[in-house]
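The chains carry the letters A, B, C and D, assigned in the order they are written, with residues numbered from 1 in each.
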Amino acid sequence: MDLLTLLQVLDSTVRLATPLLLACLAGLFSERSGVFDIGLEGKMLAAAFASAAVAALTGSVWIGLLAGIGAAVFMSLIHGLASITFRGNQLISGVAINFLASGLTVLIAQDLFGQGGRTPSLIGAGRFEPITLPFAEALSGVPVLGPIYADLISGHSILVYVAFAMVPLSWWVLFRTRFGLRLRAVGDSPEAVDTAGVSVAGLRYGAVLICGLLCGLAGAYLATGLQAGFVREMTAGRGYIALAALIFAKWRPVHALWACLLFGLLQAVALRYQNIHLGGITIPVQVMDALPYILTVIILAGFVGKAIPPRAGGEPYVKER
Amino acid sequence: MTQAPAIELKGISKAFGPVQANKDINVRVMPGTIHGIIGENGAGKSTLMSILYGFYKADAGEIFVAGRKTDIPNSQAAIAAGIGMVFQHFKLVQNFTVLENVILGAEDGPMLRPSLARARGVLKQLSEDYELSVDPDQLIENLSVGHQQRVEILKALYRQADILILDEPTGVLTPAEADHLFRILDGLRAQGKTIILITHKLREIMEITDTVSVMRRGGMTATVKTAETSPEQLAELMVGRKVLLQVHKTPARPGAPVLQIDDLRHTDRHGVERLRGVSLTVHAGEVLGIAGVAGNGQSELLEAIGGCVDASGSILLNGKALPLSGPGSDGAARRAAGIAHVPEDRQTEGLIMPFTAWENTVFGYHRDPACQTGPLMNNAAIKQQAQDKMTRYDVRPPNPALAARNFSGGNQQKIVLAREIERDPDVLLIGQPTRGVDIGAIEFIHKEIIRLRDAGKAILLVSVELDEIFALSDRIAVMFDGKIMGERAPESTDQTELGLLMAGVTASQAGDPIAAVDASLHQKERREARAHD
Amino acid sequence: DPALIYDLGGKFDKSFNEAAFMGAEEYAAETGGSYKDIELQSEAQREQALRRFAEAGFNPVVTTGFSMSSPISSVAADYPDTKFVTIDGYVDPSEHPNVLSILFSEHEGSYLTGVLAALASDTGTVGFIGGMDIPLIRKFACGYAQGVLATNPDATVISNMTGTTPAAWNDPVKGTELASAQISQGADVIFAAAGGTGIGVLQAAADADILSVGVDSNQNHLHPGKVLTSMLKRVDVAVRESMAQGADLETGVMMLGLAENGVGYALDDNNADLITAEMKSAVDAAREQIIAGEVTVHDYSSDDSCPALSF
Amino acid sequence: MDKMPAWADAVLVPLISILLAALLSALVILAIGESPLDALTLMIEGALMRSSGWGYTLYYTTNFIFTGLCVAVAFHARMFNIGGEGQAMIGGLGVALVCLFIPFPHWSVALLVATLAAAVFGALWALIPAYLQAKRGSHIVITTIMFNFIAAAVLNYVLVNLLRPTGAMDPATATFPAATHLPTFQDMFATPDNPLFRGAPANVTFFLAVLACVAFWLVMWRTRLGYEIRAFGHSESAAKYAGISPVRITVVAMLMSGGLAGMMALNTTMGEAERLVLNATEGAGFIGIAVALMGRSHPVGIFLAALLFGFLYQGGAELALWTSIPRELITVIQALVILFTGALDNMVRMPLERVFLALRKGA
């Protein structure tokens, strides 16, 4: 493989990894606080729709972004209500949210635009344009490093850079701030947080809101950064892959980056090389398609190290039986 | 003298659903004193203190701190009012360091670094002032319970608590550690701090408190000056009638060895070796009591013999070797071989709480052909037998169709006992037989155990209550750190000697016993910490 | 009144079903008549909708998608007075005399777009992006590749399928990535036959300033000046004509190919500048040759193989 | 004493939850400019007032009974099997293979063998997640989700490349031989002068589903295995104490669960389509979650909940048929039902408990 092809595959990797990364970090905040979330998919979908719809209506991608975040946060609040306030089953709440988003987006889109659950194509200021970083043109002549800078690092939409910046930011918030300390504590031992005089529900709602915010970014990136509009079910299972990446990353931000890049790379490779021919055997495209899922199972099986979730994860905090 | 009480509770009531945990409680605690609260399990002590600490909200009643009416809707308010609490079940974040646990909720600002730095200094000072040394950078999960308790106390002191509540602090400590704790409390009192100490051990109350309140069935029966009362009076106040804690028994007539254990070893999931070569023999017709501080391998010993966990070494039952791992080594196989097992924790092991009582009466024996008709279970017969057993063991209410969770602790224990004893086993393993059981039931259970012994059964008893060990055992073995430290006859030993053994100090280690205790405990901790890495 | 049953993709799939919808609307506008339609939600509803419409007296009952043929086979005999139309499906006319099967020669239409793509390509590399990997899509791809190679034997055709689950029809993100990958491999014309995923392909092509080819309906307007042409499959005509004939509909099997104008390529204001005179004459020549039988385009579904492309 | 009588928990809570979900659904229908009342009338007429409506309702019910039981077995062992969808897909593969390749003399034999095949294939698809959960503690929710995706890829490969008749457009198998066609309700109940269940897909598998409910009850509450599964589900530590092997129960329960999911394919594949199509499961695996929750994992409850969802599906189809309400409305209603009965049930339960407590104190 020559450098150019490699760069192109990596470039594609970055784009495919970005929504995964944002969703993965979203899940990380939620699950670190003890609220499991298999509703990432639904939140992303809701955000993708809301951002595209509002961007189409207002012509401003920024207002669209806000709407996308708003929609995902709304879904998060439903999840919070069910799993924090009413101590419901978090997994079931997540399943319900996925259904809800899948139905509501199309229903509303149809009602608003009459295009069968699609939003009108976004043009001009309605979408995030790729950003060319300074000196990208000038440096592209430099061997090896030039193309890497110009083709791989430069030329993505702003949300990609935001997503990557979120990794150190998340790490810093989790491990260097008071909020992070409490957040990690509440996912591990909510009664310790409670007796220390900090509200368990407050912290968890905080985490769930951050989760909504990041899912909002992820969905908006799909619909207004990568694409120019919303198409029904356009998240296409990315929320589940993000969840898998989260487990792979053992609920750590920097690992999450690598996990998402790995899954992005797998997808990029699968898209570019379908039906791989190895000697006499042909690996059918279906195998490449299912590879991320197969890999997740292998990881979960513990062949790549055991993943231990936050101790209080998935359990509602019940003081009085 | 009209000094305002540090704490005054007026008319506190609290119900958990249908359970009335506290009813109309009034109590006052004077500043600079140690106030004891005693009462049986389930009397409502923890609930009351949790209300004072803002963990639960009372249904009714008022709280006065230093004479001022104070609302304590949450723990933040309690901390602000200068109240600190060390819970019966520690509230620590296991994968945080000591330092992180101490600052949690009491950080100085939004950034961690400065808080951690300051806390390190304060902690050093506190540990010097109060003999509360603990490594600030160690993870909690690597600390012994004794040290975890120190962290809890440090947490309270770091928050500058003037009033310190300790809920059953000595349950997990060796006698020497308990002494050390009491010295610390003494020091705190000398500095003018107010301490509320919950326990159900009369000895401790008499030793350290200034005043004492007695709780029974959710109510406060009396508050008296310690100097003006006696253990007998307190016990009577606690239970509501005169107590006879003496078990009548004839000397044992041990027969042939029934259970022979040699070099039994077990390593838990975390890689900590919990049993480090235990050898014991139990004869027919005797009770072998295992004494020890909770967490020194007694639970694992029962579990290994009962088939709940894998082990290595050898166990001979009536001379025949039992498989210790792989097929045929589970609890069902042990039961079939004649080992009955009353587990330490009836609620998480011995019973399935949502199951009915009758379903529970065959739990573990459900594969017995007697429970079957064809491929199905013979529920009619099981129900009938359950009814009989419940009547014989005086389970109240004697309704087999009630779910196990709807029986009180003592009655739950009777259901377990009925199930295990009625099987007429050769060996009875019995852990904490009277934990959380009222005095009346205790008498009954003790009598049953002795009756079984006299019927020629081999009985292995584990209890953290030394009194119980003394009352029932024909021989006493002491466990420390997964090993048997020694065996004594109850007539020829006393609580002090056993206490030292429980701390890992053998008679040969002369000199300062406390120092020896510390040394051996540290050794144990280091071993466990290593296993975690 | 006539009735129309859309396939699971839904009424507004921007291609196949939407074309059917357009046809029905045209019918309504032209004749002033009305019609009933339904979007299916599950497999079992296929038969149900057929029966309910037949019982309610709708005639003819027009259906889209190959999956409707077997439900129609089991229903048709129960309603001998109702005419059923299966577009893309095949029902044996000797067994069910009240069914009209309308089939399209997608391979022929795709062949023409292949000719245009080969002519428009500067690099000699063109792309095809399918939705879910099913035979119908392979049929498109195969015809397209034949057209490309007949025009430029040295050309390279890169073909990709989006996936193997129904999600492949609605994953524009993957469509974009596939398009980018093909672009980086030198493709400068890309034919998307992928439902909602195609939206992403056309978008990526427009963003990268290369050409794309739409499918089923005329998609030239989606990115004016950037969509070379669209492979037309005149489902709209089929629907309109069937509806217009009403209860007197002639049944049997109807094969709509180039000759019948059932398939073709789109030429309108949006792409007029992209199709040069030479291109137009070349593609029209190819069309004539196919109609005349001088050139045969291999149909993938006839033997599950393709001479021009391997899957 | 419990806070609330058992009947209230079993009946009142789900009933009120359903009402809440219905209320919100009505608001959604209002919001898109339709009349909820008309919609409800239409649904009831289409689903319950005609025998063919019942034929569809019971067809869907059959699917949901199987997937509901599938989720319920796992629930009893405290596992959340979200993989019913994939297990049913693979179960369908088993049905297709035996129907296509074994020449059966009569449908009854075919049904017997196909049931076995469906159950075995579905169970095997649940085996790896079960084993990983039991032996390696891999969270079964995630592994079963992954196995849904993998099942889809497998099925696509098999249908497109192996089982599809040459030249066929559909990614589906050939139609099964006539000897494997199951009698439908129409075949069974219609008489020349009373054409009941005309064209409806409900077929003998409905009775199989009812039988499965009875068997489920027998196994769960009358056998040692059921006793052990329930005990393990309530307390793993207690199960260990009693000598119940967690590995065995986890694997056996998941095998049963997968087998039940697989048997759903009998209805869709052998009973309705009479061939295996790619999209035969249509999310029934997920609906099973709601059904099991609402039915409190008890066969009677599951039957009733499956009936409710069958009604929703059939009624929803009628809505789509006669109004312009988009089909996604039904997805939204499903979501609301799952949300209210599954995740927000405490919102109903907590106030109810308080009411009952007050009543008892008052009495």
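Remarks
Assume a contact is a pair of C-beta atoms (placed from the backbone, for glycine too) under 8 Å apart; a residue touches a chain by one contact, two chains touch by 3 or more.
Just so it is clear, the model here is predicted, and its values are computed rather than measured.
Averaging Cα atoms per chain gives one point for each, and the point farthest from that of subunit D is the centre of B.
Here the CA centre of subunit A is 35 Å from the CA centre of subunit C.
Each chain gets one centre point, the mean of its Cα atoms, and the points for subunit A and subunit D are 30 Å apart.
Here the spacing of subunit B and subunit D, counted between their Cα centres, is 46 Å.
Annotation for subunit C: residues 10, 133, 164-165 touch two or more other chains. Multi-chain contact residues of subunit A (touching two or more other chains) are listed as 110, 117, 237, 286, 289-290. In subunit D, 149, 153, 156-157, 326, 330 are the positions where the chain touches two or more neighbouring chains simultaneously. Checking each pair of chains for touch leaves A-B, A-C, A-D, B-D, C-D. Put simply, subunit D touches subunit C in their complex at residues 52, 56, 59-60, 149, 152-153, 156-157, 160, 164, 166-172, 175, 198-201, 268, 272-273, 275, 277-280, 282, 313, 316-317, 320-321, 326-327, 330. Listing the residues of subunit A that touch subunit B in their complex gives 175-182, 184-185, 188-189, 191-199, 311, 319-321. Interface residues of subunit C, counted against subunit A in their complex, comprise 10-14, 18, 133, 160-161, 163-165, 167, 170-174, 176-178, 180-181, 184, 196, 199-200, 203, 222, 311.
Those residues of subunit B whose C-beta lies close enough to touch subunit A in the complex are 16-17, 53-56, 74-79, 85, 87, 91-96, 100-101, 103-107, 109-113, 115, 155.
Per the touch definition, subunit D reaches subunit B in the complex via residues 1-3, 218, 222-224, 227-228, 230-231, 234-235, 237-238, 240-245, 353, 357, 360.
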